[in-house]
Amino acid sequence: MRILVVNVNTTDSITQAIARQAQAAAAPGTEIIGLTPDFGADSIEGNFESYLAAIAVMDKVMSYDQPFDAVIQAGYGEHGREGLQELLNVPVVDITDAAASTAMYVGRAYSVVTTLDRTVPLIEDRLRLSGLWDRCASVRASGLAVLELEESPERALEAIVRQAELAVSEDRAEVICLGCGGMAGLDEQIRQRTGVPVIDGVSAAVTVAESLVRLGLSTSKVRTYAQPRPKVISGWAAKFMR
Amino acid sequence: MRILVVNVNTTDSITQAIARQAQAAAAPGTEIIGLTPDFGADSIEGNFESYLAAIAVMDKVMSYDQPFDAVIQAGYGEHGREGLQELLNVPVVDITDAAASTAMYVGRAYSVVTTLDRTVPLIEDRLRLSGLWDRCASVRASGLAVLELEESPERALEAIVRQAELAVSEDRAEVICLGCGGMAGLDEQIRQRTGVPVIDGVSAAVTVAESLVRLGLSTSKVRTYAQPRPKVISGWAAKFMR
Amino acid sequence: MRILVVNVNTTDSITQAIARQAQAAAAPGTEIIGLTPDFGADSIEGNFESYLAAIAVMDKVMSYDQPFDAVIQAGYGEHGREGLQELLNVPVVDITDAAASTAMYVGRAYSVVTTLDRTVPLIEDRLRLSGLWDRCASVRASGLAVLELEESPERALEAIVRQAELAVSEDRAEVICLGCGGMAGLDEQIRQRTGVPVIDGVSAAVTVAESLVRLGLSTSKVRTYAQPRPKVISGWAAKFMR
Amino acid sequence: MRILVVNVNTTDSITQAIARQAQAAAAPGTEIIGLTPDFGADSIEGNFESYLAAIAVMDKVMSYDQPFDAVIQAGYGEHGREGLQELLNVPVVDITDAAASTAMYVGRAYSVVTTLDRTVPLIEDRLRLSGLWDRCASVRASGLAVLELEESPERALEAIVRQAELAVSEDRAEVICLGCGGMAGLDEQIRQRTGVPVIDGVSAAVTVAESLVRLGLSTSKVRTYAQPRPKVISGWAAKFMR
Amino acid sequence: MRILVVNVNTTDSITQAIARQAQAAAAPGTEIIGLTPDFGADSIEGNFESYLAAIAVMDKVMSYDQPFDAVIQAGYGEHGREGLQELLNVPVVDITDAAASTAMYVGRAYSVVTTLDRTVPLIEDRLRLSGLWDRCASVRASGLAVLELEESPERALEAIVRQAELAVSEDRAEVICLGCGGMAGLDEQIRQRTGVPVIDGVSAAVTVAESLVRLGLSTSKVRTYAQPRPKVISGWAAKFMR
Amino acid sequence: MRILVVNVNTTDSITQAIARQAQAAAAPGTEIIGLTPDFGADSIEGNFESYLAAIAVMDKVMSYDQPFDAVIQAGYGEHGREGLQELLNVPVVDITDAAASTAMYVGRAYSVVTTLDRTVPLIEDRLRLSGLWDRCASVRASGLAVLELEESPERALEAIVRQAELAVSEDRAEVICLGCGGMAGLDEQIRQRTGVPVIDGVSAAVTVAESLVRLGLSTSKVRTYAQPRPKVISGWAAKFMR
């Protein structure tokens, strides 16, 4: 089984970290292919960049020329999932959803700890639309930017732990979701520090994708995610038609 | 006052129809500038095309080199509004929202009549996220594609009237919103046929935009719609940085 | 265009302040007529007084003997709007709704800052019923009574700014609505102090009313707001039948 | 124990029917006093009349000069309850609420069958505000006006049974609430015809009021229903101050 | 009228306290029969014990060999009500629901103060399912276990008062429900200390049960609570079939 | 990895069918152990039987004397999951939840097709409490009892297909969940007949349980699902303490 794990930003080191995390979570026989978009921002912390990422991810996936069995969109709270679901016949898993649906099996309420405060509304919106909001106790910001996670892992850990503890004590979360693809690998340390299960979205998404493939399930094509209709697509975007 | 009215598809005749409708609704002294994206699909009927349109609209607006006072995104149920709100300091009005908020002043519940069934979920999602869903009685599809509206205006009228009547009798709607930028101009006929107020989103959006400008109001920059942070943006998307 | 702006209490100086604010927000050619009810309380801070105001407003509007194009009910969170909508064929705009629907265009969530704590539930109920509650971050009380706003403008300003700041920092509001007709005119100062857009309901309502008139829209008469049925109305209330 | 049962319209024969129904449901030792408002409409089928009734009911209750232990507002879906709760120190029970809260003990979902379609939104709004909406399967209209219930009891019975049957089969209601004070007395026949429990709001309200009195409970005065503040009340309304 | 009041735990002294409280609230002529389950835990503070209690209560009620008119399940937030409703033809009242529905008549929002934090989610779930959640301001834990209420009544009182005060000041509750059958009898003292109405669920349930009986109402058998279908029931559980 | 798959009824042939289905879905190296409760009903179609099953399942699992890695409760809409989560340190997966969370990855809305109409409310309640209700388009009954599925597989197939088709055309479901453990194995045929993805809950639960184990995740013990406190448990139930 081959699963594409697509980073949403153009920072290759993050793609590599995500792919390592994904491969570690994968079952024997699952091949993980990490992809970095060809254009866009080096980190995504807002709607403008996220919309760019949405098409950059579609562009990258649609131009991948080998067969694959599933796609993981490895950005937390980003736009674009529904577009991929229309374009592809294999399952598409967003790590925002995978973390949330996994969290709900191990606790009554979960919180997400993410990077900057400005990304909180994006995550909330994505969870609302995917129907996984009801048991969300809170989405909390650590105050660190995506790229700071790589630069200052110690500081990042402390900031995330602090918010995770507040989520448990104030918001009654019983599970923590790590709300950024770039936090891959911190789950074990945060679990030890907080005493609650901690979900890494990339790992969770790998198991969801593998499960869908093994069950022979893929995106329903009867309505929302039906194949795009034939259109005249012009300008730069015409490359999507090749 | 100058208001940019941006079509979401690349069909110029639709841009012209939208701009005419907008100008007809505008107050004396309001200049309407119709813009057509430089890339994307000739009509938008799904998420893939809508995500393309999101950045095509941002691209077109950001490369407009004259001053303007507000922007109207003239697509029904399309992605992208939040990105424009981050990038701009002037008000941004989506016709989906403008139709809904206007409808709520003239009836207890409203329905949207749109084009194809596959666009219904997009409109529902947009209304949910903008907080205008609570009084939506239904979103109904006429079954006609965007471009068929232009080609067969008679047939379009009949199909829309039929769904509008069902919305009133079955779903208890008291107002109808025309759920497609391309329906601009049909409102009066449908009002006569159904006996309920009919809202054209483009016209409604013009009055909302003018009102915001006159009240000296624009997008709050304290959190969700703060200016994008400085980023390295590369590849094709680097043109956004110009 | 002539718009009736009806105060909900019997204090004439408040009517005048409201009318001035309305006129300042109005387009050229819009005539604002301020009306004071003939009976009721000199300020409205609870349900009993608000129910009295509901019929006092209907009474005043129905006995106005000149033509008019729209009515604005200039009380925040008061009863009565639906009654006016039944009785009239021109649009009716409540400032509670106008502030909220305008706020939603310039921020993801809004808070209302009102007078006494006891009026908070009234405002919440009105927003729930008009379908504009979903993006309300909070309704906060300044602790000052309606008439104290006039007597101690400085103290009022401070109390409102304090709650507005808490709404932004604690409740994640991105816009503030001034939740009392008597706060008309404070918007600019509070905007400077808090750094977020501030909505005066009276001004917002003027632009909404003007927009509805210009779009040729008025209350749907097919169900909820149909003209009252012929009835035997007796006792004091019979004056409504004249 | 003395309970005031206040009709909302000015039709004395309906007051008498309501009072009879209340007395039949009352415990030994409970005295029922039926009151008819001094002004207003002879039947309430909309917001205008309902707002008039709200103050007519308050007026009638406040001018009742004997002691009493509780008040029942015997109109379905009418305005005014919160005003009475402010003015009085004894419990206030609205028959809309009493029917709903009683229904929820004997079935998972209830439907209300009322008179004209135009009163449906009023009932829905009242149930939403009183927090009893969640288990409401539907509010259905029989199509008969309030006064027709008295004039054509046979026809009324048939029309109500038909809607009750649809509520059970289509909307999955397991209990029916009779949604009009004027339907008092029809419960037993409708129960026989539909096979589900049928709640008469007046009877239910009597038991709720008696229970509150016996438990020594009355309206909380800490916030929403605190006594009205001292005000200058003028004009016709000044009579409330006597 | 004979009402069975069934304790959910096996502690006989609690059964006696509950029965005393019930008898004190009962109308003349109502006979209260307190029942203690034959198996299960001596106090219920979690789902495992609560599920045991659910069948222990059914077992005890089904083996009671005298006629009775209603059953009260005297545990706060426990499982089992729906099972009793299926098995019996007389009304079943859970004290969780009775406290909440009574509270809603005397205040806009209510809070529940219960024992241990771990029981909070059970109470929340029960209120959600019974449709009485909408006006719940909060469910707060005093931190005392069920059996500590009996052992240290003074300490219990203080702990409950403290949470009740916070519910009023922080969560805007206007009424307090005592969230444990074992708190029976503390209502008057807590009311004096907090100044808001305080509801004892057992007392409230007695009045609800009496009201249903007097109104001739019992559980609808058309769907959710229909009599169990004939089944082969084996093993220990076969005793339910006798 | 060893996973216990516990049937909720006492019919051994259903246990065997469920276990076969589970083993077919399991990864290489996963051992499936099918368990049949020692007491209870031979099929579960209501709350009484479901409450019995809740403790019968706990009883069976707690007396299993070999190590295991996860438990699947293989009943649709049954009580008991939270009790197992308290008692165990390994993950617990209910097939109701597993089907729903899996469905949400492959379609925007899902419907459940179950057996008898009386089981519909149980399934709805379970989905509400587990936070997976938001995207549920409907729960539909085929009208066939659990044991009829085994007796008349052809008739069962037709009845389920008919409801699945209505769910797609009327309720806008894009995925179908088979709402009964006894439907295991029908998924492929129904998928072919309806053209939408069909989820078998047992298979889905196996992949969820395996994923949780592989990710090293288990039930959070900080609040709702903390280990039961030490109690005196007496009577029949004392066997749980062994």
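Letters A, B, C, D, E and F mark the chains as written, and numbering starts fresh at 1 in each.
Operating definition for what follows: a contact is a pair of C-beta atoms (placed from the backbone, for glycine too) under 8 Å apart; a residue touches a chain by one contact, two chains touch by 3 or more.
Molecules present, by chain and UniProt name: A, B, C, D, E, F = Hydantoin racemase.
Everything numeric in this text was worked out from a predicted model, so none of it was measured.
Between chain A and chain D, the least number of touching-chain steps is 3.
Listed by label, the chains touching chain C and chain F alike form an empty list. Shared contact partners of chain D and chain F are E.
Chain centre most remote from that of chain A: D (centre = mean of CA atoms). Taking each chain's centre as the mean of its C-alpha atoms, the one that lies farthest from the centre of chain C is F. Annotation, chain E versus chain F: rotation angle of 180 degrees from the Cα superposition, expressed as a multiple of 5.
Chain geometry summary: the mean Cα position of chain C and that of chain D are 29 Å apart. Per-chain Cα centroids separate chain B from chain F by 44 Å.
In chain E, 108, 121, 223-225 are the positions where the chain touches two or more neighbouring chains simultaneously.
Shown here, the protein chains touch around one cycle, each chain meeting exactly two partners. Order of chains round the ring, counted from chain C and going first to chain D: C, D, E, F, A, B. Contact residues of chain F toward chain E in the complex are 10, 37-43, 45-52, 54-56, 58, 79-80, 82-83, 85-87, 117-118, 121, 125, 128-129, 145, 223-226, 228-229, 231-238, 240.
Taken together, the chain F residues at the contact with chain A in this complex read 25, 27, 91, 93, 97, 101-102, 104-108, 130-135, 168, 172, 174-175, 195-197, 199, 203-204, 207-208, 210-212, 214-215, 217-220, 222-225.
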